[in-house]
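The structure's right below; bear with me while I get my questions together.
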Amino acid sequence: MTEQYFKSIKELPTESWFVHGERSCQGCGEALATKIIMKAIGPSTIVVSATGCLEIISSPYPYTSWAVPWAHFLFENAAASASGIETGLRVLMRKGRLPKKKINVTVFAGDGGTVDIGLQSLSGALERGHDFLYVCLDNEAYMNTGIQRSSSTPYAAWTTTSAVGKVIRGKPQWKKDIVSIVDAHRVPYIATACPTYPLDLANKAKRGVEVEGPAYLHVFCPCPPGWRYPSEKSILVGRLGVETGIFPLYEIEDGELGLTVNVPQRKHVREYLKIQGRFTHLNEEEIAKIQKRVDEESEKLGLGPRVKS
Amino acid sequence: MIEVRWHGRGGQGAVTAAEIIAHAAINEGKYAQAFPSFGPERRGAPVVAFNRFDDRPIWVRSEVYEPNVVVVLDSNLLKNVNVVEGLKPNGILVLNTIKKPEESKKPFLNVSLVTVNAKKIALDVLGIPIVNTAMAGAFVKATNIVKLDSLYEAVKKRFRGKAGERNVKMIKQAYEEAVVLG
Amino acid sequence: MGEECKLKDKPTIKELPIASIIMTPATSRFYKTGDWRSFRPEIDKNKCIRCGLCWVYCPADAIIRTEEGDYEIDLDYCKGCGVCPEECPTKAITMVEEAEV
Amino acid sequence: MAKRIPIEDSYAASLAVKMANVDVISAYPITPQTHIVERLSEYVSNGELNAEYINVESEHSAMSACLGASAVGARCFTATAGQGLALMHEVLFIAAGNRLPIVMTVANRSLSPNISIWGDQSDMMASKDCGWIQIYCEDAQEIFDIILCAYKNAEDDRVLLPVAVNFDGFYATHVIESMVVTSQEEVDDFLPPRKIPSFALHPDHPTSWGAVGFPAIQTEIKKQLEDALRNSKSIMNEVWNQYGRITGRYYDIFEPYKTEDAEVVLLLMGSSCGTARIAIDRLREKGVKAGVLKLRLFRPFPDKELRSFLKDYRVVAVVEKDFSAGGLGGHLFSEVRTSLYNLKQKPKVLGFIAGLGGRDIRIDEFESVAKKALNIVNGKEKMERDFMFLQVRE
């Protein structure tokens, strides 16, 4: 069970370190997740952003939405840059050139910057064991460039580069299981989270910076324009993702997996799929295929049975 | 300027021998270069290494095409490699061979030949047939480019402790046993 | 708001800081996203149970928690996404169309 | 005269980096630079150097880790060559644009295909526009001295730019020769620990790096970098002079050899300069008045200095180990010729491409280039274009 650093949402600080005036779309799940994570980990933090939506919306010169030191260098090198920051701070503190202080080195990257172009850099940093928190804000496509398919895009989803046509209907492949890839590095802390469950998210982020060594936080970030649903439904979409078992919330600490949000009775995936424009083309067969896969995965994780629909 | 080419096989230590002698020369206040043939040669493959020695700074950095001295660590190389290619008239060839000096002279009438049974020395002293430092001793006998003591110092710096002592012995023995035929 | 005046989106080369580093934190607070909005949320104080969900769920960080524990919409930044009325457990928030100027 | 020690060129680089007391080394192995970082790894493991060595998984990450470490104020080092530099390409721009005083050695190596571990200068030339200060060295002494000066220059408040210290792979990495070592006291005095800039990434003073460069500011951003690079030249001279006063070894943007009365000047960079000087000696023995101009600084390009030095000569033959595919010969040739173009009185500039992929350039080949250049300017010989490839088997 997650360490309860915050027992209710009211224990989260009023102050923000990812502040308003940022230019995300209305109802942006990514901006929301970032706001909550920053409240949880606080001001003694240095953030590295990979190229992506969050980076663009938070830094149109001369405006920055970061109340903590923040750097964007490139798309695929956020984990490597963070490795340098963490190492640099460590050696400067050891040599007495910087006062000793706990500084949370934290990466924010999208799914493209993590599971595709940034995977090598991430793997290297995890293997080397740097003390940092890597947050993947997964909105399941390249939203910054206009909704192109990434390897984190789910099966059958429409994107602008996994078009729905007569021959091919959306993305033919399943979503890449990045959490298992990260887990293969045997890092001390891994968690999945979703801003619909803010307390769970905040506690996991805090845990991520508290553990020594690399921590990985995979955050499910609904995206109104990319997933094609109205902006007010962002929280609901996240909730349905969790309640259907599409995106289970758990953590793996020192190799031990534990569910953090239990789903005693899973909803049918249709509940989740039907409210998103990116899935409206799905036929019964495709829905059944998704349901079958979710059932298998859920069983492995110990989620509850699916309600009959 | 004296230019030297070393012939050996990957793993025999030709490059190390060239390096040790360069170290000795520099520590005596001379100018010297040592460099390998540049490439990814693997263990066993024929390799070459080079030296240059001078009393003034050495500017040239191209390979050695017309050596004054050629050193051959493995006489089996003679079968396939023209080791005396480019060797200057009256140049010196230092050869590791089990043959008697006179027997080796025949194909090399136009050069000064120096021979030594370095393999035997290596087996005696080290117990393994690594001949490079012995050949460095023979090289010094043939050329007098550095003092033996400088070479001892350089080799002791390269191989610490007992290994250093044994290699000093190798050099000494090779220096004494090498035959200068002229 | 003296600080605001210093922020230039078209600095001269001399005004541009080294490596175009933004030397002041959180300057986006000077960029008001409130004018993105077509609908504005209004909180009915009588229905509000002060649960804080609107505050935590606001993606624009545009809901203020007052010292008294009340919640107020910060119209300077509210983008009008409609998440807060959707998630309010007592339906204390409604979206009202912005009047034409 | 200070005592010279025997040292491999690569280890001269490692020693300078160690004596510069770097904080972070981040590197990926690639021939022919590997000896440099192997030795540094030993220094760190033995506790001789109080630094962190980050074993990254690629050169892209090597430079990226340097970005992060340098942005918090650490003194950083990396080394690469050939494909490694090509893989770093986009990151190089970030280091320069973010004004991070990283020092990198480049053991210049040919670019694939075909795979070639051997030396030429096409790697750095393919990244010449990345905003880095770029210096080319000839031998161990120069590598050692220039690296120490590079940190001093890079970290100067008026500069804050990364420096690439180039030297030819193998020809200036795998050669054992001799050099004088500056004492650690002298180095410490000359190069104190890096001053952490006020805008470094630290929670005590939050700054935001790498904001979006809208069309309204990108021009100013780029021009600011260009100005900084241009200004670095005078500071570099200051640094070199200061180092010269300490060690007696003075460096300059270029180094002429027997050029006073020369009818032909060979202009080149890197390890072949010495070979060219020997060629000049031989030519002069034969009555040919030739000289060499060794260029040390390639970026910022010393166009003014070259104009004033070269304007009265008859012919300049640029010999270089790189070329711009489909372009106007070698990069150096192109820039030298462009620098002189608007002068009324100017030498003829000819380009010769040689030494690609580690092919040796012999003394007699430099002699031939000088003679050919003279023949051309004297109308005795013709070249199809103003530049040509040497050493091609037709």
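Letters are used for the chains, namely A, B, C and D, taken in the order the chains are written, and counting of residues starts over at 1 for each.
In this section, a residue touches a chain if its C-beta (ideal position, glycine included) is under 8 Å from a C-beta of that chain, and two chains touch if they have at least 3 such contacts.
Keep in mind the model is a prediction, meaning the values are calculated, not measured.
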{"item": "Chain closest to the middle, measuring from C-alpha centroids that were averaged per chain", "value": "D"}
{"item": "Chain whose mean Cα position lies farthest from subunit D", "value": "C"}
{"item": "Contact-richer chain pair [A-C vs C-D]", "value": "A-C"}
{"item": "Centroid spacing, where centroids are CA-atom means, of subunit A and subunit C in whole angstrom", "value": "23"}
{"item": "Separation of subunit C from subunit D, taking each centre as the mean of its C-alpha atoms, in whole Å", "value": "52"}
{"item": "Separation of subunit B from subunit D, taking each centre as the mean of its C-alpha atoms, in whole Å", "value": "35"}
{"item": "Rounded Å distance, subunit A centre to subunit B centre (Cα mean)", "value": "64"}
{"item": "Subunit D, residues touching no fewer than two other chains", "value": "98, 206-209, 211, 213-214, 217"}
{"item": "Sites on subunit A at which at least two other chains make contact", "value": "59-64, 66-68"}
{"item": "For subunit B, residues that touch 2 or more chains besides their own", "value": "none"}
{"item": "Every chain pair in contact, whichever chains are involved", "value": "A-C, A-D, B-D, C-D"}
{"item": "Residues of subunit C that touch subunit A when the two form their complex", "value": "7-9, 11, 20, 22, 24-33, 36, 52-53, 55-62, 65, 74, 76-77, 79-83, 85-87"}
{"item": "Contact set on subunit B toward subunit D in their complex", "value": "18-19, 22-23, 26-27, 29, 31-36, 38-40, 58-63, 65"}
{"item": "List of subunit C residues in touch with subunit D within their complex", "value": "9-13, 16-23, 25-26"}
{"item": "Subunit A-touching residues of subunit D, taken from the complex the two chains share", "value": "23-24, 26, 50-52, 54-58, 60-61, 64-74, 76, 90-91, 94, 98, 193, 196, 201-203, 205-214, 217"}
{"item": "Subunit D - residues contacting subunit B, complex", "value": "4-6, 31-32, 117-119, 169-172, 174-178, 271-275, 277-278, 358, 360-363"}
